[in-house]
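One chain, subunit A, appears in both complexes that follow, with subunit B as partner in the first and subunit C in the second.
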Partner chain A sequence: MNRYLLRARKYGVAAGVSLRNRLAYAGNFASSMATYALFIFVFSRIWTAVFAASGPAIAGYDRVMCIWYFIVAEVPMFGFGHFFHTLAQDMKSGQVAYLLGRPYSFVGYHYADGMGAALLEAGILLAEGILLGGLLAGALPLRSLVQLLAVLFSLLLAGSLQFLLQFAIAMTAFWFEENTAFFWIFQKIALVVGTLLPIEFLPEAAQRIVRWTPFPSLAYAPARLAVAFGPASGGLLLEQAAWVVAAAAVCRLVFGVGRTKIASQGG
Partner chain B sequence: MTAIRVEGLSKTFRTKTKAEGFGASLRGLVRPRWRSVDAVRGVDFEVEEGEVVAFLGPNGAGKSTTIKMLTGILVPTSGRAEVLGIESASRRARDRVRLARSIGAVFGQKSQLWFHLPPSDSFRLLGAVYEIEPAPLARRKAELVERFGIADYMDVPVRKLSLGERIRCEIAASLLHEPRVLFLDEPTIGLDVVVKREIRGLLEEAAKRDHVTIFLTSHDIGDIEKVCKRAIIIHHGAVIVDESMKELKHRALAKKFIGVKYTAPANLDLPGLKPLKRTEDAARFEIDTRVHRIEDVLRRLVERGEILDLTVEDESLENIIAEIFTSRSEEDARAASRARPTSALGPGTDSGGGSSDEPGGAP
Partner chain C sequence: METRKRAFARGLRSYVRFLATSFSVNLQAVIEYRANFAVQFFGMMLNNAAFALFWGALIARTGGIGGYGFPDIMFIWALVSTSFGLAHIVAGNIRNLGLIIQRGELDVYLLQPKNVYLNVLCSRTVVSAWGDFAYGFIVLALLPGFGAERLALFALLSLSGAVIFAATFAAAESLSFFMGNSAGITAAVREFLLSFSLYPETIFDKGMRWVFYTLLPSGFIAFVPLAVYKSLDWRLVPLLGLAALAYLGASYALFKLGLRRYESGNQMGTRI
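And then the complex of A and B:
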């Protein structure tokens, strides 16, 4: 087997093993599926009430678009939103120390490990969302196969960015004893900026600021591509890709500096 | 070739301390207090390729910290550690990968196997991580599965395996990529006597068949006697003994224990000897063989009456090591070590395992 193929294979196998591990218990997905369904139902009622009171469109979105926007925007949050807890637990328990002495890219291995299981969960949630959306708002407004592929690719980029940002936050444990607060702040900003509401619903000034942050790439981009695919969609994908590259560089840097600070005392 | 070279290796941890009380907790938020803990202090030793070395010490002596520095997990505060010529603390990714490929590690209290999956999945993953081609991986896996007797467990989720079964799988997994140096940090912790014996046998076999250098920490004297040819004892973060198992066992001969029981009460006051235990018709003496000849003591005991039973025992290796461990300071331990000359002592002791007469590997 080619040397480079052998090198790449380890990450594929890691993703596969992680996926199998996730499948060990059928009930693993039950809680996120139930919460996701409840959120979709509640927000579909809210949007119905909002549009009944305010008119057919707000900032270019109608009721159906808003419901579908929410369904797609929540997929990265539910499907890829839990990496931090596993990583932080490994850091606090000292388990991370025992994962260092292996011939792999630590960031790459954890990416494969995290994404292997998360992709499956995100896929299941997306299928659930499409089913519920069809019942509550009518068919997903997809116009072409290109749009479908763009949405799926955008979700993959959103998931990757979620992983990388959460990885960087988890690695702050090299310097801070308790870093859950950082994740909490990150999570809440991500929720407000583009997940619960499209960015266009924010005040002008806030929109200008958030467009310079990675937050729109976490949920807004795939949701926008799903409900308003157009000439500007390519730019959103490029923006997401750029943030993924930048976040990967930050992770490598943070981990590279932080690994020398590991203080795993005792046996 | 030198497999492990350690020079002046030190590691100091900085630990936050918290005083008692609410006020102290508040002050700690503003001005935290730190305490430095010297886990390892200027350790030096070398291990030749193919040696099987026991790295001993009481809890908190610095054993695991040293192993973590050798395996590249921790960065030393000062000094250097090299494994197979590669600096363990190297920041170069290429060196780290080379080191990782050359060594294997088993941490008895941490698992490298996926908890919810069968060992076969972890073997597949480890094979991929170490970039072993599928065909050689299958051959190596089959060989290890047979040797370690784990065929029946390969498809059972790790969480359902007993500790002994899991440790067998852990050690087999650590040998999958044919490492040249194997680090084992308390591999038999928590195992029963029978499983411990099996694991020791497997380690001995691994050392012989795979010519792997083994660096083993353990609290279990059985592990050390059975598997190792050399012992390095660390205490308060510093090496206090570094000698072959043969030499260490010879220390036992400096001390004998004689138990005697007479058919009737006897006068057991022997000039120069103080009994450890004594009744009217029985006593137990500790004899320093550098001061008293055994035959002289026995002759004097025979003269005191009609003997019903007589036992002569060596001091166990466990006791010798325990004495070194419990020495209150490094200096005490060194003094205790100096007080036991080994050169005049002859071979043969009942305290050792089968490997006592094999050549020691001290550099």
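And then the complex of A and C:
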């Protein structure tokens, strides 16, 4: 078998094991599904009240677009937003020393392990969101199969970027004993920049700044593709891909520098 | 009659001393880990501030939502944060009550000469709740018209809100006596009560608003207090206090009813 395929296979196995673990405790999905549904309901009411008072469109979005935007933007936040704690715990508990001796890339293994379960959860949430969106706002405004594939690919890129950025933040544990605050700051910026509301709603100066950061690639890009697919959509996907590559490079660099600080005591 | 009054006053003083001691011990325990305390304190304030940015950006575009302006939304965020924080500072075990019941770990509280309900709830504090508590006062100080009278009113409204939060969460957790594992219902009650309290009442259909004054009392935690605060109408404050006592009484009654069904886990336990 081709050696690249063989390499990919072990990460496929890691993803599969993680997926089966998650499926074994299917009840664990209930909590995030209930919270996601609650948020969709509350925000559908907010957008209904907003557009009842201010007219048919704000910054190019109408009520239906805003509800669907929120539904899609929350999928990466709920589905791919929780890698940090497991990764940081591995660093603090010393599990990292155990994993380093294994015949796989530390980053690649964690990516496969994390994404295997997260993809399933994101898929379930997306299905739930589509159902709820249909009830609260009408059918998803998809125009073509290409748009659907672009949204799904964009969600995958958003999930990958979420993982890589959270990985880089978790690796700061090499230098800081308590690094949860960094994750909170990251999480809250991601929430305000493109998740709770489209970037076009922010003041213009803020819009100009955030477009130079990876945050729009985390939730804004897939949500925008879902509600306003057009000629500029390819650019959004390219931007996401570029941020994934850049974040992967940062992860390798941070981990490469940080691993020199590991002192294995045996036992 | 006089003797009974004295006994009541003595009992009340003893419980005030007991709560003060619990609070003091809990505080010393969290301050022992200063870095962790600081991270959670400021992290929670940051979490709340992120939503302020959201509302600021949205209301700048729309002028208001369902009749609520930016100061109104910030007031309910301030009040709910401080009430929620106070409930979890003083009665931090409301998060764990269901699990304690489920594991049969109430024995250690049953053997002590204090009310079990109060004892178990107040035996822990939640570190991040201090951030919630402080956030409300900071936001309040930035709101227009802030002064000594509004600060006093806010403090009283927070107190009744905290009692309602604690009573409602404790009631949901007490369902573990009857169901074994009530984690799903408890999580739903927590999320729903908090979420409904943080958004304008008017965005929800009139048909569902009765829920805000019964099962999920967001009305008494946020919406009525907003009207009281805006109009500086102190007459409604005692009524909110009575509502808080009613929820506390109902929560306590449910706990007492459930306690008859309690099964010990026969575990050795200590409180140091």
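We adopt the following convention: the second predicted complex is superposed on the first by the 262 of 267 C-alpha atoms of A that agree within 3 Å, B and C clash if a C-alpha of one lies under 4 Å from a C-alpha of the other, contacts with A are read in each partner's own complex, and residues count from 1 in each chain.
Here, contacts are C-beta pairs under 8 Å (C-beta built on N, C-alpha and C of every residue); 3 or more make two chains touch, one makes a residue touch a chain.
Remember, predicted model here, so these are calculated numbers, not experimental data.
Aligning the two structures on subunit A places subunit B and subunit C next to each other without any clash. Residue contacts after overlaying the shared chain place A:Arg7 against subunit B, while subunit C stays out of touching range.
Once chain A of one complex is fitted onto chain A of the other, the partner contacts of A:Ala97 are limited to subunit B, with no touch recorded for subunit C. Of the two partner chains, subunit C is the only one touched by A:Val192; subunit B is not. By the touch criterion stated above, A:Ile262 is placed in contact with subunit B alone, subunit C being left untouched. Within the superposed three-chain model, A:Thr35 lies in touch with subunit C and out of touch with subunit B [touch as defined at top]. By the document's definition of touching, of the two partners only subunit C reaches A:Arg45; subunit B does not.
Of the two partner chains placed by superposition, A:Leu135 touches none, neither subunit B nor subunit C. Taking every C-alpha atom of subunit B against every C-alpha atom of subunit C, the smallest gap after superposition is 7 Å.
Shared contact residues of subunit A, touching subunit B in one structure and subunit C in the other: 177.
Per the touch definition, subunit A reaches subunit C in the complex via residues 30-31, 34-35, 38-39, 42, 45-46, 48-50, 53-54, 58-59, 177-178, 180-181, 184-185, 188-189, 191-192, 196-197, 201-203, 206. Listed in rising order, the residues of subunit C touching subunit A in the complex are 35-36, 39, 42-43, 46-47, 49-51, 53-54, 57-58, 60-66, 184, 187-188, 191-192, 195-196, 199-200, 202-204.
Against subunit B, in their complex, subunit A makes its touches with residues 1, 3, 6-7, 9-10, 12-14, 17, 20-21, 24-25, 95, 97-98, 100-104, 109, 177, 256, 259-260, 262-267. Residues 13-16, 37, 39, 59-60, 63-65, 68, 71-75, 91, 96-97, 99-101, 103, 105, 107, 109-110, 112, 114, 116-117, 121-122, 124-125, 128-131, 133-134, 157, 185-186, 217 of subunit B touch subunit A in their complex.
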